[in-house]
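By letter and in written order, the chains are A, B, C, D and E; residue numbering begins at 1 in each of them.
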Amino acid sequence: MWSFFHKLGSPPWLFQISGQILRWLLPITVVALVVGAAWGLLFTSPDFRQGNSYRIIYLHVPAAVVSLAGYYVMAIAGAISLIWKMKMADIAMLAAAPVGAALTFLALVTGAIWGKPTWGAWWVWDARLTSMLILLFLYLGVIALYEAYENKAAASKACAVLALVGTVNIPIIYKSVDWWYSLHQPASIKFTGESTIDSSMLYPLMLCIAAFYALFTCALLANMRATILDRERKTGWVQRLVSEDA
Amino acid sequence: MAATPLLEAEALGAERAGRQLFEGLDLRLDAGDIVHLRGANGAGKTTLLRILAGLSAYGFDGRINSRAPILFLGHHTAVKGTLSCRENLLWHPSGERFTEDLIDVALQRVGLLGYEYVPASQLSAGQQRRVNLARLYLSKRPLWLLDEPFAAIDTAGVQSLQARFAEHAEQGGAVLLTSHQALDALSQARFVDLDGGPGLE
Amino acid sequence: MAATPLLEAEALGAERAGRQLFEGLDLRLDAGDIVHLRGANGAGKTTLLRILAGLSAYGFDGRINSRAPILFLGHHTAVKGTLSCRENLLWHPSGERFTEDLIDVALQRVGLLGYEYVPASQLSAGQQRRVNLARLYLSKRPLWLLDEPFAAIDTAGVQSLQARFAEHAEQGGAVLLTSHQALDALSQARFVDLDGGPGLE
Amino acid sequence: MAARALSESLSSLWFALLRRQFMLAARRPVQVLNPMLFFAMVIVLFPLGLGPDTDLLSEFAPGILWIVALLSTMLGAEALFRDDHADGTLDQLLLAPHSLYFLVTPHLLAHWLTSGLLLALLSPVFALMLGLPGNAVLVLMMSLALGSAVMVVLGAIGASLTVGLRRGGMLIVLLVTPFYVPVLIFGTTAVDAAVTGLSPGPYIALLGAFFFAALALGPLAVAAGLRISVDG
Amino acid sequence: MAARALSESLSSLWFALLRRQFMLAARRPVQVLNPMLFFAMVIVLFPLGLGPDTDLLSEFAPGILWIVALLSTMLGAEALFRDDHADGTLDQLLLAPHSLYFLVTPHLLAHWLTSGLLLALLSPVFALMLGLPGNAVLVLMMSLALGSAVMVVLGAIGASLTVGLRRGGMLIVLLVTPFYVPVLIFGTTAVDAAVTGLSPGPYIALLGAFFFAALALGPLAVAAGLRISVDG
């Protein structure tokens, strides 16, 4: 167990293992995305209520779901890097931030695009939408904080602290926003988040969600590898690596 | 007494903005030592001092092992312009507490007699630094790390500060200071030279 | 040339916080003059310099009559940490414009060769002051009022600055500077002493 | 015996630092008045911006009051450690042979007393200006008092992380606002409840829980943040 | 001939100073983003505080948008000369052999372009989030562009007067807010008019008048204020 932890802490090992993982995960991801998208977009019947506009769900829902998970990956990595002082952990944290932010943004945009035909409004102050927006701010905060520091070692520590504070707060934020929304019960639109989805839509949706998880992992690992190379550029093994490539 | 050093540093190295300032630097401060850290502008003196003081936790490699409470005076004097000279020392953030009489004596030693109640913002550049230097006449901490203590201080001031350093060393303290002026009154001072950093042509 | 003085001040007096710093002070700077303004901490040197520069319009009595553009370097260097050394001089707020090549030469003269593109915030205390001092190698202004130009500058730097002052004086300029260090390399310097201000005991 | 002496010296140090903070505030009355002025001004702006319809205003008074209070505490937090970092005070704090946790609490307490609490005490005036029903005023004060304390701690965390940054701007706004959301929600709801005659008890209780949580954990994060910021 | 050369060197100096201000802004990306961030954040706070009811929000949208824009420009102005005073830049500006009026305009222009104008350009996003009718968006942008310029000048005047007393802080709010009031009123009225289908022309025209007045007279006041502040 500890040896594994120890290995995790060693850049060369992580670099190499992540390389191997990517080698087979990347193709799978691509295939899953293509199949899921094709299935959802071409081989399912249009929704009786929303016609074809609903098909964006195969982009929107996965993005939304994974972006949420992304924050926890980031936060937990941050916690580990603070508590066990593990270099690779804060690399993971920093790699997760932009990916998560991008997915969050995608969920927002697709949602807004979807909202126009469905609610006749680009945006409504629904619980989910609001908390999604807040999640985007949390991501941007971590990224901006890291960018603002000149001393990157200090920067990642700072981000870890922020992410940690985030983990404590995110559940509270989500609960409070949900509760706030249920309390007000606006007259205008109800967000039919829990409405049952026909199984013919569900399976491709599931596939898309899985594909997005895989995509997130790939982006995370690729990001980490880049950071590792940059941080270890002075060390022997990187030098050797480069000379091999050249 | 001098058996155990007050501060011991081994193989210190620091890199800033991609430049290696110093490397494999060993340093040992025993009771009674006065060490003059010299070097051109940009050599890395302040960086080293802050590292030794423990203020740059992420910015160095090597081992530091300091066995005594540290009195650190840096380029920035933690002097608040709105507080009077006396108040600045009375509630000093470093956590040392002094009685008002002791403070007034110290202020008199640094030539601020009659300024006890003057807000520091109304003092001249050198006088503001003197408020900070008054701690050298108050603090009980044995290990002094002083970054440019003579900055903006007039000649008379420089002399009596050197006298104070000697006194402190005799009483079993240790002083590590940077300065671009020679310590003409401190023959016993040891030198550590950092030879990075470009000088004027 | 020396017929009309660059700066003439008569019966200058200034009071701060109820204390008369100086009174009935006459001062005249001709082309070629180097004047070393001396005095203990708190004597009133900075105050006087700011008055002569015209930065303290309401804080003095007497007559000032300056016939030449002034280059003033004070305790605060108007150096922006986020701008690179070069940019700091390229767009200097004093309204003087210099070409990049001239600037690079000046930076090299003050030992900042290779730092042209480094943000000033990443420089050491002395290096930041050197960015400001680079103006002494660029400016066309004949009348220099310099408050502690040697502050935080290493010994080599102090020497070449004194050489620069001499050069400027020969070229028909005038220098009025304060410093707590002796101008060992400037035998021609005149002295003006302000004997207010308490020193260390 | 020695322990007793130590603890005594500790508490005397703690009070010395608190005293210091108060003095610094007292010497800059403007600084203390700032949040109040801000509050007053913005409250005045709202009728101008939203139109003078008194019913609507009084209906939204809780939300408006709470949003403005939130903004003014956040902006106050931005300056919390700025000077202390610039003039080297933080360096000295870190070198003190005491836990930073212990040393920062006076900062936070003093700041809260001179901003949040003061604001809570003055809020009735503004509440009446916006036509908030009198029976809700007490709840407003309580919720503001508790909530502002939580927001001060959260703001301090943001400040401690950003104070060292030359390129930071007011990054703190981005960092802190999301964390303010629950406080805002429960604070306004408490007041709303009081207005509509429901019991605000549970919400006040929740704010109280936040309050103690923030008090217990907040300074830890602040201390960590300051350690990082000092290491420019 | 000499005059031509002089005027050329003058304009090149002017652009150099403008360039400098832009660089200073560009090197602090967060600083530039501040107004936007602030805007976005506060826009989110309002539904949370006032409730998510879309109709009500859209009714209040003009007022909310304008108040928030006002706050963010006002807060930006507070820092306008802070650093320049602390690091001696103002001393140098005063020693330049040119009229201070001429030298401060780049400051103001750069600040407006990077805060007010940017904000006006982004306002449609927030307008839509608050459900402002599309036909009013253009008027909102125009009114914000003009109004923010006026507010920047007003803020600069306050800043120039308060920068001398260290930590003048939000005292500016007190000094300048009264002058903001007409801008706010005409700005919101213009947008409201557009919403209700009336012609916003007259109000925009009025804002335009303010705009030119501020441009012509503002820098004079700023220059005077700076002279006083430097003599500290």
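Everything that follows uses one rule, which is that a residue touches a chain if its C-beta (ideal position, glycine included) is under 8 Å from a C-beta of that chain, and two chains touch if they have at least 3 such contacts.
No experiment lies behind these values; they were computed from the predicted model shown.
To reach chain B from chain A by way of touching chains, what is the minimum number of steps?
Tracing touching chains, the least step count from chain A to chain B comes to 1.
With centres defined by CA atoms only, which chain is the most remote from chain A?
Between chain A and every other chain, the largest centroid distance is to C.
Could you pull out the chain whose C-alpha mean position is farthest off from that of chain D?
Of all the other chains, the one whose centre lies farthest from chain D is C.
Check the residue numbers that chain D and chain E use where they touch, and answer same if over half are used by both copies, otherwise different.
same
What whole-Å value do you get for the distance between chain D and chain E if each is reduced to the mean of its CA atoms?
27
Can you compute the centre-to-centre distance for chain C and chain E, using the mean CA position of each chain? Integer Å is fine.
Averaging C-alpha atoms per chain gives centres 36 Å apart.
When the C-alpha atoms of chain B and chain E are each averaged to a single point, how far apart are the two points in Å?
Result: the chain centres lie 45 Å from each other.
List, in ascending order, every residue of chain B touching at least 2 other chains.
Each of 58-59, 75 in chain B touches at least two other chains.
Would you give the residues of chain E that are in contact with at least 2 other chains, written as numbers and ranges?
27-30, 33, 41, 44, 48, 51
Identify all positions of chain A at which a residue touches two or more other chains, and write them in rising order.
Expected reply: 134, 137, 144, 147-148, 150-151, 154, 157, 177, 180.
Please give the residue numbers of chain B that touch chain C in the complex, ascending.
Checking each residue of chain B against chain C gives 16-17, 39-42, 46, 75, 108-114, 118, 122-127, 130, 148, 151-161, 180-181, 197-201.
Using the touch definition from the top, list the residues of chain D that touch chain E in their complex.
These residues of chain D touch chain E: 28, 30-31, 33-35, 37-38, 41-42, 44-46, 48-51, 60, 62-64, 66-67, 70-71, 75, 79, 83, 166-171, 173-174, 177, 180-181, 184-185, 188.
Report the residues of chain D in contact with chain A in the complex, numbered from low to high.
Those residues of chain D that touch chain A are 157, 161-162, 164-169, 171, 174-175, 177-179, 181-182, 185-186, 189, 217, 221, 224-225, 228-229, 231-232.
Taking the touch rule as given, give the residues of chain A at its contact with chain E in the complex, in rising order.
121-126, 130, 133-134, 137, 144, 147-148, 177, 180-181, 184, 186-189
Please name which positions on chain E make contact with chain A in the complex.
29-30, 33, 40-41, 44, 47-48, 51-55, 57, 128-129, 131
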